[in-house]
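For reference, the structure is listed below as structure tokens.
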Amino acid sequence: MYSNKVLETFANPRNVGEISDADGVGTVGNAGCGDIMKVYLKIENDIIIDAKFKTFGCAAAIASSSTATEMIKGLSLDDALKIKNADVVEKLEGLPPQKIHCSVLAEEAIAAAIEDYRAKKA
Amino acid sequence: MYSNKVLETFANPRNVGEISDADGVGTVGNAGCGDIMKVYLKIENDIIIDAKFKTFGCAAAIASSSTATEMIKGLSLDDALKIKNADVVEKLEGLPPQKIHCSVLAEEAIAAAIEDYRAKKA
Amino acid sequence: MKNGIYLDNAATTRLDERVLEAMMPYLTDIYGNASSLHFFGRQAIKAVDEARASVARLLGAKTGEIYFTSGGTESDNWAVKGAANAFQRKGKHIVTTAIEHPAMLETCRELEKQGFEVTYLEVDKDGLLSVEDVKKAVRDDTILISVMFANNEIGSIQPIADIGSFARDEGILFHTDAVQAVSSIKLDVNELNVDMLSLSAHKFHGPKGIGILYIRNGVRISKLITGGHQEKSARAGTTNTPGIVGLAKALELTVENMAQTNKRIKALRDYFIERVENEIEFCHLNGGREKRLVSNANFSFDFIEGESILMQLDLKGIAVSSGSACSSGSLEPSHVVLAIGCPIEQAHSSIRFSLGQHTTKEEIDYTVQTLKETVETLRSWSPLFNVEKGEGKYV
Amino acid sequence: MKNGIYLDNAATTRLDERVLEAMMPYLTDIYGNASSLHFFGRQAIKAVDEARASVARLLGAKTGEIYFTSGGTESDNWAVKGAANAFQRKGKHIVTTAIEHPAMLETCRELEKQGFEVTYLEVDKDGLLSVEDVKKAVRDDTILISVMFANNEIGSIQPIADIGSFARDEGILFHTDAVQAVSSIKLDVNELNVDMLSLSAHKFHGPKGIGILYIRNGVRISKLITGGHQEKSARAGTTNTPGIVGLAKALELTVENMAQTNKRIKALRDYFIERVENEIEFCHLNGGREKRLVSNANFSFDFIEGESILMQLDLKGIAVSSGSACSSGSLEPSHVVLAIGCPIEQAHSSIRFSLGQHTTKEEIDYTVQTLKETVETLRSWSPLFNVEKGEGKYV
């Protein structure tokens, strides 16, 4: 059911970990639903210079976290917010229908982290 | 479904044919039901000295006709009337449930032929 | 003729060697459950997905419209009960024919017990349904029309596309039992205007115990077998991977070789009919000569009974059928042969010869010769036939 | 470990070579329809009759009480819908458990839509039902009790004979889904006091797509699949001869080798549980230690999600299952693991290891080692676990 790309990404996910002095942190999901995604961002001049994640969830959730954090590194916050779950799915060469929500979580976790940063800054 | 005995008997039935000067003839069944059995008896001193049959019907009907006519040859009429369908079934080493009625037809055809003889004589 | 002459291909067919070969990996190393996420399961689901895509392509359907079942009977049951159950609020009337397979007829009778009304349309002497009769039978509360594509006993082929186009105009669900048609008629669900279509693999050199129900996208019928999420949750039960792979391979081979096979079989069948009609007295071909499956010949031989013909031929190594194999537990004469107006006495005398891709001219010649002798022998045993006069009479 | 380590025998098993060998004649030369009267058919029905007799003997049943179906799901559907339909005038209440397989649960939910009432009995933390609860649940209008013999996820084994003897005293029909039990528990329908019992061949090294419903003589339930006269007119559809022969052979082998196989598997399974519990922190065995299938171990590993464990093990060549394979299309955590009182977070972390006759100690050692590494890795990726402190917390 998973594409090879998902399996590869899940086997060797990028950006796993925490950023101790993160500028923005976003957490979405809950353990009762089987997915928690936590995204850490390091931001300089409104540019994401580093992104890391920790995820409790299935292979699709972990692969989505890896791919999404990879995609936003180097982007401006506004451009990062333009990355939608469909873009993550495309990079992963597809997700099974019942796993699409994992890519949505990744989009939301990033948005939450950016919001956290903006809220703190404001 | 058929025992080997039925198949053998059906392959080489005994007593097929007519007796032109039969002393008793009995016909049972009808074409609409898929079975007609006609039994011819030659009788001397109340002893069946010859028996023949013609049958329109399935393998079980033909095998029953063969076996039943074989069984009554040499018997007195009263003894012939004691031959029941179950005896025919036994000689045939069994018949499938939906074919038991074929052995009943044989019993009835013989009874009808004996009755015909007795009616004519009376 | 040491191995026996098999002229009962309408009952079941020999599994094609290439089909068995295609199945073998799934009967040995690739045994995973197609619902499992691990490697063993992924190998299985890959094969199932490919099989489904191939079947869909060959039927002109979309991949998601093909559902695997345990055979033609389950497919027919699912289609009819599923439609009846899903649409009973809309109406309780079903239109079908008097010559359907028991898988359909018995299922309709079950539904009648539950308060549905079923119209069993008559056919003509060739075993053909008129589209006009279908039109006349339809009512406001008709929820399903189900007409078999080709008959299993006399091979008559119905005007499915025309009935389908009428049904579509009326907005009535249309199902066809194409179990007998598939081996010699190229099926395209769109050209046929069908909403549902049943197939069974063992009728086209595939394995036993596996079939298909095609259900057009958008058509929502109730489930017959509930449980796990297999077949998009529409038909539960652990996926029969080897069966599915076998079915798909068999369908590929069938469609690929159809034109050629049909030509060969039809020539042999026509030769067979001609010789039987010329060389055996008092016999009747049941069903018409046109719109008939190329593999089918069904004769009544007057004054003798069908099963005894069958058994005599069997003693000589020839396998045929009297009535449908499925109803051989019964004593009734074929409801199909009766439905085309054959008198009951003659209906008791009917024999179906169904040729297959392996049938040879030599086999047909031996069969005709053996049949002649058999008919002659049985007539000499029959109280309805006078050998000297060479004539018979039903008393 | 090049060929992969298969620890998912509860999902399906490898077809035994000796079973395939027994099936081969029926996949090649002996292809006749078992309903056909001719030689090809007689060869087939002979094999089917022998298979049925052998199965009956192995289950302590009479030959006429064994009906072949397309698998466990169909058997469960038939038993429950057939009983519901046949006895609805007597009552509309059914008693079952909360931990049944979807083949039973979904079927009961269908019946609820049709106006039946179903009591789903709770089980204790070991996954066990109390006979007292069954007694309390029964009402005047209870027409069927259906309790699975052994659970497919946690392997808990229910007191079937006791429930059966109560049901018999009450005159209530009793069905058991023995699909998971058969490979390691000797079944005797009389000792078990069951009226109906479901089996599926692919769970004991038989072929996929074939199963059994045992129906005690005298019990009359409605048909599920109607049509021809097969299976004494109780289950229509062309007889799946190779499947039936394979099922019978697989059952013979299973029963023959059961004592020995159980001993081997249980020793390995106990060793596995012991090592996992000793070597991996924050893990819980789901289900009890007694009254548990010898092949089953089901663990929750805190702070990480089950499917990701499964997929990581798969990357290293180990096949296991999270929840039941049948519900893997779903995102819900296992209803069984929840039913034994496991919190939902931990239910998301459950993994089933099901050993089989081919499992080796070497494989178990490799699995424990790999599992340790996998759990460690995934915990290091989890926001719920603090690697430095070596502890976790559900937020």
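Labels A, B, C and D are assigned to the chains in the order they are written; within every chain, residues are numbered from 1.
Operating definition for what follows: a contact is a pair of C-beta atoms (placed from the backbone, for glycine too) under 8 Å apart; a residue touches a chain by one contact, two chains touch by 3 or more.
Treat the numbers as computed from the prediction; the structure is a model and nothing was measured.
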| item | value |
| --- | --- |
| Given chain B and chain C, the chains that contact each of them | D |
| Farthest chain (mean CA position) relative to chain A | B |
| Distance from the mean Cα position of chain D to that of chain B, given in whole angstrom | 55 |
| Whole-Å gap between the CA centroids of chain C and chain D | 34 |
| Between chain A and chain D, centroid-to-centroid distance (C-alpha), Å | 39 |
| Sites on chain D at which at least two other chains make contact | 37, 307, 311, 329-330 |
| Where chain B touches two or more other chains at once, by residue number | 2 |
| Touching pairs - complete list by chain label | A-C, A-D, B-C, B-D, C-D |
| Chain C partner contacts - residues on chain D that touch it in the complex | 4, 6, 8, 11-15, 17, 20, 27-28, 31-33, 35-41, 70-74, 76-77, 101-104, 106-107, 109-110, 200, 202, 207-210, 223-230, 233, 236-243, 307, 310-311, 313-314, 317-322, 324-330 |
| Chain B-touching residues of chain D, taken from the complex the two chains share | 37, 42, 45 |
| Chain B-touching residues of chain C, taken from the complex the two chains share | 303-305, 307-308, 311-312, 315, 329-331, 333, 344-345, 348, 380-384, 394-395 |
| Residues on chain B engaged by chain D in the complex (per definition of touch) | 1-2 |
| Chain D-facing residues of chain A, complex | 2, 7, 10-11, 13, 16, 27, 30-32, 34-38, 54-59, 61-62, 98 |
